Amino acid sequence: MFSLTVRDHVMVAHSFHGEVFGPAQRLHGATFLVDATFHRAELDDDNLIVDIGLATKELGGVLADLNYRNLDEVPEFAGINTSTEYLAKVIADRLAGRVHDGGLGEGARGLAEITVTLHESHVAWASYRRAL
Amino acid sequence: MFSLTVRDHVMVAHSFHGEVFGPAQRLHGATFLVDATFHRAELDDDNLIVDIGLATKELGGVLADLNYRNLDEVPEFAGINTSTEYLAKVIADRLAGRVHDGGLGEGARGLAEITVTLHESHVAWASYRRAL
Amino acid sequence: MFSLTVRDHVMVAHSFHGEVFGPAQRLHGATFLVDATFHRAELDDDNLIVDIGLATKELGGVLADLNYRNLDEVPEFAGINTSTEYLAKVIADRLAGRVHDGGLGEGARGLAEITVTLHESHVAWASYRRAL
Amino acid sequence: MFSLTVRDHVMVAHSFHGEVFGPAQRLHGATFLVDATFHRAELDDDNLIVDIGLATKELGGVLADLNYRNLDEVPEFAGINTSTEYLAKVIADRLAGRVHDGGLGEGARGLAEITVTLHESHVAWASYRRAL
Amino acid sequence: MFSLTVRDHVMVAHSFHGEVFGPAQRLHGATFLVDATFHRAELDDDNLIVDIGLATKELGGVLADLNYRNLDEVPEFAGINTSTEYLAKVIADRLAGRVHDGGLGEGARGLAEITVTLHESHVAWASYRRAL
Amino acid sequence: MFSLTVRDHVMVAHSFHGEVFGPAQRLHGATFLVDATFHRAELDDDNLIVDIGLATKELGGVLADLNYRNLDEVPEFAGINTSTEYLAKVIADRLAGRVHDGGLGEGARGLAEITVTLHESHVAWASYRRAL
């Protein structure tokens, strides 16, 4: 099995609700380093997993919708705890949508899975892996 | 599948027995960066894999029993090669025990697996992954 | 010249005012990895630059006042652009105050300078260095 | 399941053919950080996955055949796009051959899989995982 | 004194002449992680060292002239050993020219110095620091 | 001013004496990542700061004398707290001796300063800088 990862980042504000979150119930923020990994059983005719230029561009597009935002005010996230692991799934699902829409090229249709990892600091990160 | 990782570190002395270890048969030491990863199929009601505060606290508790020790003098490790991969298993098993004892909260009972990775330097690391 | 660095992190929300900031004029957030470096010409009688335990504790104390906050609502920062470089100075000045107040121990009075570096992402960071 | 990883690097020149590669069709180069991971269900009698000294030596041997080369002029790669993911497979296959030839010791015959990851920059890397 | 650093990367081929270079006399290549640091005594009216957007853009512009090139065929480098330390100076000098030409904004005229660091691998890097 | 850094590592056991060290008074250990930086005003005729091959070899030689040792039993360190900052000076001084003895080549006589940085973990490191 092959995999290719590209890294980008996003800077957001948000707050959490629930006692388990302690002081993180207050409005605060995070830089998330975002690693998008594309899994595939065999390489394509160019010896690629996916066009890295398109992968980088589409990851950037997904992140642009979140970047420099207060997630508490984004309608789609109303009443939702936008935890690191939850956001990993949001980004993975949106990337999967772009794969299905052809944004990563025809060759990307051979991809088997996507993993998205969000690093919230040098000592904590979360991942979500899903089929395509 | 989701996963959450927290990082801490531990500083120990130890020695190995067996020719395969070469100069590492002498008493020496290591800083191990310790990454504890918790795997889970679905998020809990708070959109979490596990309470990161409890995960960090319990990992710290497991490491406190090892930290600033000469492992050669710890009765539990008598006659045992405390290799990086072996210690990864020790820490994973102890963390698993704390999950079962409720130390990581009731929600942690939904965890599927634990992986522990120990980095012994910038050029070598070892992991152990087990079910819960 | 000797130097010792300890690393911690802080997660905040804030916004900027001024066209130069573009989309960062919106409320967003950041994880700052914070490296506090203590400079000294000669080691003390224990062969130390400063007690690393106290340095870590006092850096943690300075960061606790900022952590999980919306800096736009902190009175001290009213009307101020809390840029990465500005926050590096705020943290360095507060640490310097704690050195002068004896929080880092009597030995810390031999320190010559402090540098604070804030990493806002894997591709951008800022520092401020000052005398003690 | 256990795994052990050792890291080394290699510096090569190469070019790609195919419009998908854009400016990378020109002769250019890369430093690849190379992580070789050895997977195994149980530790051996020394509490090891594999002899880390032999693993490092054999990885170094595989890389020495590529290092400081223009891959476009290496007969084996004639007409082949030596993409990061393709090179990960080349290195994994050559390491697997050395395992089978006994280069990593008799104990290495218990290894289950090998993963090789090549980092082409701080924002892109690729892996190949195979059975032994 | 304040400093701000932005990171990018460049992938080039080149060869060296002189026995001291050993196998690096052959045509090979490198990924250079490039850190451009801007030093300044006081912050500007926006609490900035320099506009990070312009700094990133201009660093990218300087690197675009080198990226995906065989430096042996770039007329400006004919007969020159394009060592890591030499390239650090080339990039620093070109960035300094862009500062003087106003590419980093009027505020950048308050900058005191530039440092450029090139990482050729995880175990070797070189820097050049100059006045503006 | 130019600088070149090479990285290696060393694994040692040791203990400290003095209440300030708390639990580190017990025999424990550390992996130190060791960065040796060579500073120089101008490049040599090969466009180098120093021969990186010789720099790596001589750093390795200095570290070999410490590696896989219990520093408490090394006569030279009897009664001495081998703190991270102290060891940075030991390594810098020994490297300086090798420069003066010609181990880094005739060209190394143009070096101005050496800095040695020891990373004891991902959250703490110390440096010593000296003239040559």
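Details
For clarity, chains are labelled A, B, C, D, E and F in written order, and residue numbers in each chain start from 1.
Simple rule for what comes next: a residue touches a chain if its C-beta (ideal position, glycine included) is under 8 Å from a C-beta of that chain, and two chains touch if they have at least 3 such contacts.
Predicted, not measured: the structure shown is a model, and the values here were computed from it.
Path length between chain D and chain F in the touching-chain graph (shortest route): 2. Comparing contact pairs by residue number, the interface of B-D is reproduced by A-D among B-F, A-C or A-D, since over half of the pairs coincide.
Each chain gets one centre point, the mean of its Cα atoms, and the points for chain C and chain F are 27 Å apart.
Residue positions of chain B touching 2 or more other chains, listed in rising order: 7, 122-123.
Chain contact summary for the complex, chain C toward chain A: residues 7, 9, 11-14, 23-24, 26-33, 67-70, 120-123.
Only residues 1-8, 43, 46-49, 51-53, 56, 105 of chain E touch chain C when the two sit together in their complex. Interface of chain D with chain A (complex): residues 16, 18, 20-22, 80-86, 88-89, 122-129.
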